[in-house]
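One structure is given below, represented as structure tokens, and several questions about it will come after.
Order of writing sets the chain letters: A, B, C, D, E and F. Residues in each chain are counted from 1.
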């Protein structure tokens, strides 16, 4: 996964970058499966590898900018910023519960109720679904609204003018 | 397979990925690549979240017979939402890129900046 | 044990495919490599599902296969036509 | 008859009502518009004057008009110093209105409605400053005065008016918001109140260097007092039409400045406290320096209004100097000088405007022999000049006398020296004007068609004669301001000793 | 908990959220506008009602889905939230009234109904942020409001609107992702996402490195949204090129809500930890705030585009608010919260005035404003009121904020800070007066066309805000009391 | 264009119905296995996009007109929020499905079904809308014909 990411950084051919980002998503999804997050994997596969890739290709097709301009190899300002951020994050991890530790607070505070009582309180055997739709159904409403916003937003930004308007615009561009 | 990554290694990998993505976002001039970087960044954060939900020896939080250790479903749900938000952002960003390309004729940040300055100058003198 | 060995084999194959995908050099190499990688992932997930005895994972594998297919078509189409849509008829109204 | 609190409120609101009337009639009914101005002025003066007797007898009517938020109230209290200022401002407004009518019509200025409106707001603000019962109220009206006079300064809209206005607003706003406001809040923080209290509110609460810093914030924060180096706005404001320079920059605005200074010294710091703290010595030096330096600059100005402006700067510092001496008798001198200088300086400005209206002359060097064409104007000018110098029989003599006595009493030899030196300088830059106006033959200026002209319009002449008369009258009958000034000192100083 | 449950809480957010799809279904500009208008005013009504109820019940809850707090999502309304909601609702209602005429001129007609849908979503998102008691739910609503504001900004006529929107999008998403990282770290250490629950658990683990890093990420992430210097780069462009109404709405609400989030984190989530004592945040915030005040004000002085000038001034004013928070006393917090409200009023009035000028003459640069004082006296007068308030002249709200802020600084013994606050407002004189001078003292340019008639629907909201600027400057009791109550409530957690 | 690529056409025609079926399975089986409204919506849209890719956007538009996707999009959100409001009207909190049916568990089940459907509708609508909008861009339907003849050009980059 890391290798893919780094290659995305190096490559200038945007098509390749996009394809690699698809692969990156697939790998991420695989890791999710390994870490028991099947629903997430499901979504990541559909979204990251599918929707996002297709959309990016579409954009690329529309912009016709196949390759990226050549830039200086390393920009130090951003790099140092990134390193600082990374360092803070690593620093932050030092006190974290270890990976997979069943006694971590994450597993002992709120979540147990979902696991223990979801079946009797909500019903569906898929606990993620019951959290998603019932316990935290409001978040999902928000999520739906976000999707709605994005779709309408794309429509607003790119919404096609009808033929007549398009012709007129073209004439203006020509002059 | 989870035994391969002991301790904090998992988080660190996620962090390295995050930083690669973050670097792409802030250092690269191509707008599409910026968005790709943003995706890398976000996915890395998702991995980070999912990592914390994992319980050693647990399995996917779908109730079944004879299973009593489940991984934490809450991070899964959170990331589910976050992924959706992420793709929504991506699609909006891409739409913007298309429009930027039609009106500026380029999707390189520095060229856009130059054109913007030209616009500013025009505004001042007009 | 069988499944574990299978998983290992698939992982190696996946690595090889990734090498091809990253170094190119032509787009077609990459498309092929990525398609392979996708297929291998499908296999891997199925195998993993059996490893952990959760057959639900098959759903994901199925989805992967599907997405992989569509993605490949989209990429191929982009490469040959540089566009995803077809010329649209003259009769269309504004979208907005 | 109105009760005292009602009278206070009426005095502040009346000009605003008048302003509304001005706008209502507008350019179409100019006679009515100007009648409104005059009537408002007259009624205002009556209201203000009606309070005088009580004040001299020691009454201090007070009124909390409004509470902005907890502990922040708009409060009015009439005390003698404020009464002097209010009397001067409202009284001279009537005269100035008569003069304005003549001047504005004579010069066919544009936007006259705006002019009269802003004038009423400025007067309301001045009265507000005069009657302010706490520092906040004073500050509010102080800012209102700055803003309402800005359109008057830039009245002509010409580039030089714009740049003048910029300096004017820039300095006044910068000092008031940057320094005065800080000082005010700091005082609140230390003392817990902002009410003007006889004996001061800082006594026993602030000590050491803080007193010095606060004094610095106040003295330079009140930019309208034109202490050097924050005096530059005053010459810049001379681009305004003459009635503005006359009433505002000889009376209302600058007097608001020195008035605030005196008020802060007396009621915020308290004389005894300052005497003990000895934090104010530098103030005497700065004021003295301003007096001398401004006089020297005035000597070198050819433009008449600018010369008057620098003279104003120097005269304002007399008040500050007098207050900074911290002797009761010099305080009386400071209060007197506010009135005396107002009458003298407005006369001088009226005369300058009169010359401009009749002869379109603005420079000192063009005035040869003009006294014969405009006898009334130049006589009034001479009286004003005498008052500035401090010679009898004018009001300036009285106030300078008190200031000098105070300086001598406290053995402030520096102050004494400054006063004597500046008197000489004043004479040096005023007397030549009077001399050339009456005793030199008219010179023909090349390329300037010398129009025959007589006196200025009637309104102008009446106005300047009235103020000249007032200047002389104050010498012979200084009872009212003197009575008020003594009443100011009475409870605090006389009682204490 | 349940007895204080109030269905109005949820209605507040749900109404605009549901109005958005209905707008899309209507496909008609006028109908969409009418619906949005009704909803916006209804929201205002609800928020006023809620504010009044806050007097009797200082904290209201609503359990969404009927699940108890740490498991389900809970809505919490306390005085601070009520105050912020009031700001958003007031500006929302007024700008929606203002929108009709302005939008018809600035956006292609076929997109107008979509525009209103976006406005509704943005409103809903901002309200949701202000009222939620759940850290992750906050993220979701943050994204709703952000996504819709990206879209709204990109609707500007100038092509620079697009690039600005993109810049905002990238920076906003980074900010949101940082926020998510921070929330993740906190979740990892506590196992909960509910703010109240977090605050009870945090004290025991506040000194762990993870929590420290979490706080750092939360602060940086929100500062990005807040446009705290030096993370403000997205703001000037975005405000300058967005359609007028959008600028009004966002300038007066979006950054305010972000500041509110910051307050929530410092005082509710970390409510039982003394944030300022435990973490080295105070000097950092203070430096940033001061830098914002000076650098952005200076930048404003050099702008030719009026909207961009005002945008830089917003960055500077955000500095004041953050400064109030950084003083870390009750008085300072009051000042910050009060300025939040006051700045919304004056910036709203200012941007509405500029919008009206754009509407009537297309003026955007300083030069276009020549003689505007004579051409559009009413509009320009409102501008002057707002401008005076920016400077902090008495009898305007700006004065009251500065009063409270400076007093707070003095109370805390930070007198250099007090001096700096006032010194920076001197810069405001310069940039405001540049405009005033051009508008009033330059002659109307030769051959300038007469400005179009500005409809009442634009003038009324503009003057409503301008008059509120004066009213709350003169009668500051109400707003100060509310702010004090809010600040006390926040600090009460300590 | 692609008319000659009959393999693709046939395969796609064969695949699309199962894809849609799979989408429905994911939608309604989400309670039991991985998946739910969002994933189902994506799959449904993906199937549709596949159709558009192969047969052209124009014919896809004939199958689902753009206005219909927008309606779907809006109705999805309304359905979700409406479920919440319905539970409010029935005397419980917003989105508390327990009151929607006779027993709380049945109510929850019904509620989840409804909201998942809402999500699915919105996502389908959104994805198709976005795809349409992208595909309908001026650059998308006015291809430079010369590139067609020289597919290697893309490969070399």
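Basically, contacts are C-beta pairs under 8 Å (C-beta built on N, C-alpha and C of every residue); 3 or more make two chains touch, one makes a residue touch a chain.
Model, not experiment: these values are computed from the prediction.
Counted as hops between touching chains, the shortest connection from chain D to chain F is 2. Core chain by CA centroid proximity to the global CA centroid: E.
Among the remaining chains, C is positioned farthest from chain D, on the basis of C-alpha centroids. For the interfaces E-F and A-E, the C-beta contact count is higher for A-E. A separation of 23 Å divides the Cα centre of chain B from that of chain F. Separating the centre of chain A from that of chain C, both taken as means of CA atoms, is a distance of 17 Å. With centres set at the average Cα position, the gap from chain C to chain D is 87 Å.
Rounded to a whole number, the gap between the C-alpha centres of chain C and chain F is 20 angstrom.
Residue numbers of chain C whose C-beta contacts span two or more other chains: 27, 54, 56-57, 59-60, 63, 67, 70, 74, 79, 81-84, 92-96. For chain F, the set of residues touching two or more other chains reads 32-35, 38-39, 43, 46, 49, 70, 73-74, 77, 81, 84, 94-95, 97, 130, 133-140, 154, 157. Shared contact sites, meaning residues of chain E that touch two or more other chains, fall at 17, 20-21, 24, 64-65, 108, 110-111, 114, 136, 140, 143, 147, 150-151, 154, 181, 187-188, 193. Those residues of chain A lying in contact with chain E across their complex are 88-89, 91-97, 104-111, 113-114, 134-139, 141-143, 145-146, 148-150, 152-153, 155-157, 159, 161.
Here chain E touches chain D in the complex through residues 388, 391-395, 400, 402-403, 406-407, 410-411, 415, 418-419, 422-423, 425-426, 429-430, 433, 437, 440-443, 474-477, 480-481, going by the rule given at the top.
Those residues of chain A whose C-beta lies close enough to touch chain C in the complex are 3-4, 7, 13, 15-16, 19-20, 22-23, 26-27, 29-30, 33-34, 38, 41-42, 45-46, 49-50, 53-54, 57-58, 60-62, 64, 155-156, 159-163, 165. Residues 1, 8, 15, 19, 22, 26, 29, 32-35, 39, 43, 46, 49-50, 52-54, 56-58, 61, 66, 132-137, 139-144, 147-148, 151, 154-157 of chain F are the ones that touch chain C when the two sit in their complex.
Contacts from chain C toward chain F in the complex involve residues 26-28, 56-57, 59-60, 62-63, 66-67, 69-70, 73-74, 77, 79-89, 92-93, 95.
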